[in-house]
């Protein structure tokens, strides 16, 4: 029984961090119809900025603030300087299908190399703002610490904030319109290009939080966020790329599923487990769990 | 009758071309030192792997990030066959092709309904997950991997004929045959059908093409090629381990394909060459600039990424297309 | 018609060229590879980045610092030593590629200190180290399989094997923790299995045994290790893995308030690095670990003192820890080996020098060196040490009691060996 509880708790925590990454991916997808593989790279760069602030000031939340700003700036920068140029040039031929995917992959490699050359590959740490000792219930200590609680609370707050943004504000309306029907949005007076950039900036900020929370419990290297990218992406696809709630649900499902495999089957099957979860979901619902069956707009 | 003779002539010309290329490679292999010969074998291996991507993504339009995983399947199949059944080498390679074709067919049927990012995501998960399986089952050798020893060249080639030269000969032969066969397939009805599907799946269906069956076929053939490349990789390194089939390999392959022209078959040799040459160049630059270890670890990645981004933006369909456009413009004047 | 003739000509030319090339002869080899009148090129593959790199990535620079010191003081018979480091990220497949570069492109004279069990196993077979006659000195691994001189004729170990370490640990466990529940966490390849086998042969039975795949260490997987250990009630936990894995295990155990008696294998237990990786000093306090060298903070030891001075001058900004000590020691041994091979330096000569004179070399470790014509084994012994509240390592029981043994079924005996003195100023003068 204890193992079940432990598995659920660990799964919930890892799932929450994946949720942030998959949210960022879905945000970009919904505003640009591009899967941004460089999301992890942007988050990584933002986290290194956060690391610099954290090691100088010792204040975690200040570091997070700087990281969010850095992430948003990088996100906006990537869209403005990179994606627009890309769409201008690469819009014909067989490569049009592949071009955005490859381009963001290239960007990921570029950011990683830049980070590696600037900070080196040594393991860096960021102090967690709260204790990482597990809660003690009676005589047993759970693998669930105040840090895990913090993660879940933070993710929930961000999710609610984004939901309010998208459903209740004009900006949110503009973001949704620019993604689904750009021509009509333009006719309605929405500056779609600028709106898209804002979408990328928000995604960058969210990704930065994911990176910071992930590092608080782990080490920071130019490769440490790769796992986050893969699982965040899988989570986004599982949840259906069209819905933000789906992104979170998908991430939690993935997180718990992976932890079950980790605890009950074996450590080496974790990744292929991710693949299995993904293919299972897509076979039943090719558009992801939360898809409303309206048909894919790939 | 007339058209048959034309086809036969074309095929004969092609065979002659490939045989000639084979001779050239033999001569080159004799002239250069051991390191270059080894790199030549690696280029040949990448060439075969890139062919699989040209077929799958360039022609049938399915974006897969998991070619590295298919290479792993082929490599493990070859190693297991060779080590456990003690068969001749060519049989091990054959098993690599067959087993990865089978996996490809399975993957293709599951993926036929997916497109765009969903397909990319699935193949990404596969690329990350499949090699790690080796750590779970001990007969797959775990992290240290399985030895794949194709042995030494026959004695009659003399003492100077090193093992790496032998690898180069075998790898180049296989690469030439693979490209020859693929090129024929791509220029046939199959190739045209795939391009139709890539262009507009719905229209193709209306024209009577069974789109999903052709997609699965593309996956099967592409995986067979990738598996063959994996077996050649195993031969070159002498080892089949999960560490050889990282996500970086899959990304690198896609990079090479884009750099050389994703739907251009002749480009695969250029692509293979680039994939081997870039770490070399990065090494030279890093040594020139001093403080080798940090630079060495990240400089190749930097160069590859910059090249990739530039080529995707400015020559998304490969340098060949731009050249052709340029020539056409000139001709119009 | 013309096309046919042209094609025929192409065939003919190709045939002539091809047959002509078959007579191309290779260049005769005269000078020994990697040696010129002014330089000796040596190569090493090690993880400079990646999951296994913390700690080990300092070894190369430490060796280099020592070589620079020797170069500044006349080198080896007037030749300067150049060490080429290649990053293999602890991946055997990368080790093969990088070693190929070292041997075929950089054309090094010998390999010194290549790191990793699976790595060197793969390299030796694939690159053909023995076939090419490339000396590989002072392997940075303890796999007992390398002690086979027939299979590895040009290679020499320096560290005691994991089997030896396990046997010595087993004796300690039997003497001090009889009746307690034992747990084992180990890297699931030849590295860990080597130790596991020796424990079994010594009659030690573990109540909880947790293998893990190299590269998967992290807080998530460490959680599962700790759950299993705690569920099995292990009171004494032995660990055989790399430093980053030790850190993960200890960190997670501390957070879970699980505090057994730790017995850490020598490979992954440097306290300085563990603390840099976030392990609280309180957790390290009282942890037992096997060691073959004095503590890197023990400046009363002449080797440590001399190496620290060299480190400060030639490797500035780098904290002196186990890995730096180990690296400099390998440097010291290498220079002695190069000197023993004489000024007419050849690969065969180097191997012969190791076989005939290697056992007399000065080294910081406390146990004797076993090099001979029939053995390529270096050090053979360990003593049990304990970490204190400041994160330093002190001999258990006050003074170091060194035990030596072999990798087979030989007994574990107390050693009475006395180390040779450190050469004056750390510069060997042997020949």
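Read from first to last, the chains carry the letters A, B and C; within each, the first residue is number 1.
Note that a contact is a pair of C-beta atoms (placed from the backbone, for glycine too) under 8 Å apart; a residue touches a chain by one contact, two chains touch by 3 or more.
Values in this document were obtained by computation on a predicted structure and should not be read as measured data.
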item	value
Arrangement of touching chains [line / ring / star / complete / other]	complete
Per Cα centroids, the chain farthest from subunit B	C
Chain pair showing more contacts of the two, B-C and A-C	B-C
Distance from subunit B to subunit A - Cα centre to Cα centre, in angstrom	32
Subunit B and subunit C: spacing of chain centres that average the CA atoms, whole Å	36
Subunit A and subunit C, separation of their C-alpha mean positions in angstrom	39
Subunit B residues counted as touching two or more neighbouring chains	132, 135, 297
Multi-chain contact residues (two or more partners), subunit C	48-49, 213, 216
Where subunit A touches two or more other chains, by residue	116, 121, 222, 267-268
Subunit C - residues contacting subunit B, complex	7, 10-11, 14-15, 17-18, 21-22, 24-26, 48-49, 60, 85-87, 91-94, 96-97, 100-101, 104-105, 117-118, 121-122, 125-126, 128, 188-190, 213-216
In the complex with subunit A, residue positions of subunit C that touch it	48-50, 53-54, 57, 212-213, 216, 218-221, 223-224, 226-227, 231, 244, 254-258, 276-278
Residues of subunit B defined as touching subunit C within the complex	16, 20, 23-24, 26-27, 30-31, 33-35, 38, 132, 135, 142-145, 147, 149, 160, 163, 237-239, 241, 243-244, 283, 292-293, 296-297
Residue ranges of subunit A touching subunit C (in the complex, touch as defined)	3, 6, 10, 14, 116, 121-123, 125, 132-134, 136, 141, 143, 145, 217-219, 221-223, 259, 262-263, 267-268
Subunit A contact footprint on subunit B (complex, rising order)	57-59, 61, 63, 110, 113-118, 120-122, 124-126, 128-130, 132-136, 195, 198, 247, 251, 254-255, 258, 262-263, 294-295, 297-299, 301-302, 304-306, 308-309, 312-314, 316-318, 321
